[in-house]
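What follows is a set of notes on a single structure, which appears directly below.
Chain lettering (A, B, C and D) follows the sequence in which the chains are written, and residue indices restart at 1 in each chain.
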């Protein structure tokens, strides 16, 4: 069955256009024949010398990008509503492509669909000025520059965007920036040319609806910022001991850095919260589908190992516990996949991520958490080799694990989701009362 | 959003006909306003006197059946391919009705969609002789008689149908039956007029494909069997201390009981295994959807309790741990639902349950197991009251728990599913080898 | 190793007296050769006729009691501090006997160590008047009467004793009782001659320390109460469909029932809370050790089944998943056992349950919860037979499950335990600050 | 209570000598005031330059070692039976010291109790020749050199020592070594002066008892080996992206490396398997106790964070879900602790690790696995900071995770443990038969 081969649950198959299906197949083939084989090469081309660690870009990535562009596998993430710029697939279709891309370390960048560029690109398409589009959007779409999103702050519970407190105080026609951002993913990359930066532009103790207008997103030119001496990349943060060079997760300090007010997205201020919200829906789908693909790929590694390694005289893949665990993991991935794809379809159906919020929340909570357990099992299947650099599993684990924190920890999503669910149940007490009345009537009628 | 109110994941909404959607709504309303209020009445009308325990049918059920027939909510389970006899809904549509019916103890029987009558009805429609149809199918469809399926045997690992060894030895134009069946659900009911009985009609040590032809399904008239003195209902078995009267799960002994060969379904023998297989697909979907509905209903009880009971000065529903658990359970049910509905849709799509086997297996493994945990939590929310007869939760738990065993324990399904999955991976070793070769090429080209 | 045979973790072996060890062995032998074989007989002797369900006591229990008394296996639970009355074992020693007794349904009653008689006996020893001791304690110790403890109230979160609101209003030399108790375990037994009843004797909105003095325990004579027409046993409550006859868990209503003030334990009032607290320590140890014994016995059943039943050509006990699960369950039981025995030892060591509170809480939270999972697995090993009356497993499951609620739900124990643990950590912030200062010093010294 | 402060379950307190208790306190104080503050300094002093990564030893470690020696906290691990060389504590006492040492990264090396030196030291004490003792044991005991144990082999399921196939073929008075070892922990350290190496010295297909005599442990001088050009340290392996420099986990290739037969431990051959086995008991206790200490320390970090970080207006430590999880983790650690300490006590009690095998297996399976989950939770409490280098948590997680693989994966221990447990149950079928006979007798007597 074709849908099984492409890991498309049947219920979604009739929602995919012939062009979409064709492209999913092409992406799968590209990932398997080009990206996965290149992963080891890419990692081998990284510099281990601290002096050049953050300046060398593995050459193979440009080769892959050239191949992808030639195949038309480029900027696939820009869905229907960005048709002018993008590939025009539905979120569902792109989700299924992301599932394939997530199987390879190089897949996303090779096809210009790597975070945070995707979200940043969407943001510039929607909110960028003509200048911003020319200066940053165009080269982003061409894969010539990269970008970062400066959101998370040291010492701040940043999962609630309202807490963001990096200040941009208006002084005449300028903003003066102060604050410390960290885990700015991608800011380590020498190609990163633009920082989209969430700042608090309205000071004071705003309450009620007003608090949703106190933030703005500023478009900061990296070269100018670094040249000023008032914006500094302090250090790369590690993620379970890895630095993710040359991408990097950086700590950045602003010390009275002055930028013109035109840097604010939309040329106006106070829309930061709204922009942030709109950005999160599709991005979460992408993360989730990539991590599901990663989980499937990890299972293939586990199978490869188990069907080639004998334990006590028989192949490990013939072990009953191994087989049962494998089966359970396949079921888990199928469940995650349907949750995420249903969310993707909801965005397509309603046209806005907002109405798909419930589905997105469920997907975000479940997918990374389950895939982590699966990759952990795969590591265990390999024994010592599984924790080493000789398989991609340790890296896969670390990547999946950070997704339980990125974009807000599971707990904050679950809290919000649960509150929303409970709010819908206010009718229940009345319904139970009505049912009890009816029961009493029936008992009376039956003279029980 | 209408789909949320009816608990239909968005991806499936466009697969439901207007008539289907309308009927799902009607079923929901009937369950909420008639069946759930009647549940307590039904249980109260059961006889607690051992002498009449198995002969009294609670009168309320006939009232409900009359109402359901009037509303057209009758025999809903007979899907498109049985159009002459049934309601003509898809398996997906009926699955969503079963979800509603499963919320109430009386719902299924009230709408003539209770197991094992549903499976038995399907079997008689497909394989019954004219005589069988007139004698048993007609009154079954009219809700005038009930039926049992005699499959499981004492001392036999009956989850593998090949092990069934109740013998039906051909002697001239008759079969002579010997063996002990148990957990014959529904055989306790005084209205049970027919026993569909799986027997081994070919003796000897058959191996290979031949072993799949050694069984037959016999259509046994209950009145005749009991009158013979050679077929005896020994006792009702309990399920966690409950007898499920008047339905019952019975032990039945055949001691040289003689029946004409015409009793074999299809008038021929050796098709028992095939018949059994065909019977299982939709039945599993029904069980799974009902149990999901049961889980949702249990959560409503938990909410009702928690929003009316204060612990340490505040309503339990305001407790953070309670809320998080509630949220998790909602997500779990959504995941189960999509798995089961995708399986139902696969049966509709492929026209035969066989091609939907993979999806059915996943659904069967996951849904009961997850719902059990949810109901268990709901019981804990109620404290002592939760284990008592004052809420339906203990009964719900027991019902869900038996589903992990009925139709074969989870383990046998997981084993089969896992084996099938692994069989598909034989290409993997070649694929890894090809990928490794490509990596070496790339490394060579890069002179790494 | 002897300790393994008796399931005594090595660390505890040197804390057991030779007499204690000898008695543990005798109890084990008695349970295995007399009680377990009698369990089925006992259940078979119960009346299934509603008219006599609650008045017939299975004769076999008196035979067992006679045997136990002859062997000196009687009232073993009354530990050192009750030496005058009891057997004089330590809580640790008796805990290990309870572990054996818990393997059999009849074991506890056969040795006069069944709840709630044990706790009631302790209470009367400690707080009973001369009259109470003569009238109730003596026959309790002789196994001639039984007793109940009326604590839990309908509609009240009874896990917090402060919420108990059954009122006993002083009128001259009498109390006038009003309220509804339920889940009064043992109150169904025709031999139950005394109800120890927790009541609120001080009315009004007491706050602060005063609220701990508003309750009293009254000693109510059952015959007098029922004769009055002002105290009624309304109905037996079910526990997962079982009524636990003739023991029973009853709902009891007091409607202006008048008793002399001498009925208050200690002849005084306001000590109910204190009495309740003192009662709970050893009782929880007993429950936990019995349930661990129950878990071990369930595993023996699972082994018995698995080593006699072939699945797909081989004994189930040779299945790898079965074996791994079995091993895990053994480890779990060992962990539970050490937690409980350490708590028992703490009571022995400190002389009062209060100082062992932390250990008791951990034991109470963990042991029932883990045993439930184990018994559930054993049921699954048996398939359909496991849920039926043909094995003791369903009954075992139900018994274990109720222990997660009896004496307060897990959640309330965990909440209290966690709060206590956190209270001990107030020093941590200072400690981290000091450590940070030291780190800075070291860095300074190293000129890092 | 003093035992709680030192995290000694009460049952073990009376087994600890006054000197032992005093030393546990001293270790705790040393770890808290010297080692933990030094951890960050140690990591900061590591070279990040690949050229010197493996040659620089952080100076602070020598300062700590000097302090520890002065305090008498040195070589604490050599228990009673090594009294001549060691500190003479029991395994139980040292286990409780290891619990404290495990809280700090530098604790073990600071007190000369770091793996694999501890096991290597024990081995040399027990089996070393006079020459080996003078050359390697003496400086090891003085903390002047370090050592490695070369066991695990690439491509071999090394958890079963019988599979080890690095060959040492006898040629006259020499052995010729060939093979690839990896994950040789500590082999990266420039101070590593000796490699204890497990080799196969008897070739051919040995079966039955003979296979246990085919291995030997060779004592290889590192300087000589490297100088030969026939033994090469190929590369350090990573553990979840970390290299654990300067310790390191190395791949080492032997290519016809020739050593005199005197290098074999005991001056004879064929005792490798036996030596390996004897080495594993105490080492596993140490690992387990250290990881439990690590888990406790991680919880302190989580508390420190939660009691200083507000989420939605209140400290995270006031969150109910946080509190419940914290409480559960404390209980889990207590359960792990008792399991491990009981195993330590069993070694002390029986004098040999062999008789404590059951307890050791349970400890090894449970402790790392549970601590991993706890550390993972602590990471989640910190959000992004938790995965970074700014807390020790990511490092702690990685360390704990590898323990599920080191010394054989959990699965192989569980398999062995389960088999042993089941072997003890052969009596069960007879016991059930006897019990059934007795039941029948009783039923007969009762004329039931």
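Following the convention adopted for this analysis, contacts are C-beta pairs under 8 Å (C-beta built on N, C-alpha and C of every residue); 3 or more make two chains touch, one makes a residue touch a chain.
Remember, predicted model here, so these are calculated numbers, not experimental data.
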Result of counting contacting C-beta pairs for B-C and B-D, higher pair: B-C
Chain separated most widely from chain C, comparing mean CA positions: A
Mean-CA-position distance for chain C and chain B (Å): 38
Where chain B and chain D are represented by their mean Cα positions, the distance between them in whole Å: 51
Residues within chain D bordering two or more other chains: 320-321, 324, 411
Touch list for chain A against partner chain D, complex: 48-50, 152, 154, 157-160, 182-183, 237-242, 249, 309-312, 321, 379-380, 383-390, 394-395, 397-398, 401-402, 404-406, 409-412
Touch list for chain A against partner chain C, complex: 319-321, 324
Interface residues, chain D side, partner chain C - complex: 1, 4, 9-12, 14-15, 32-34, 36-38, 40-41, 44-45, 59-60, 300, 303-304, 307-308, 317, 320, 323-324, 326-328, 330-331, 334-336, 338-339, 341-342, 345-346, 349, 355, 358-359, 362, 365-366, 411, 414-415, 417-419, 421-422, 425, 428-429, 431-432, 435-436, 438-439, 441-443, 446, 448
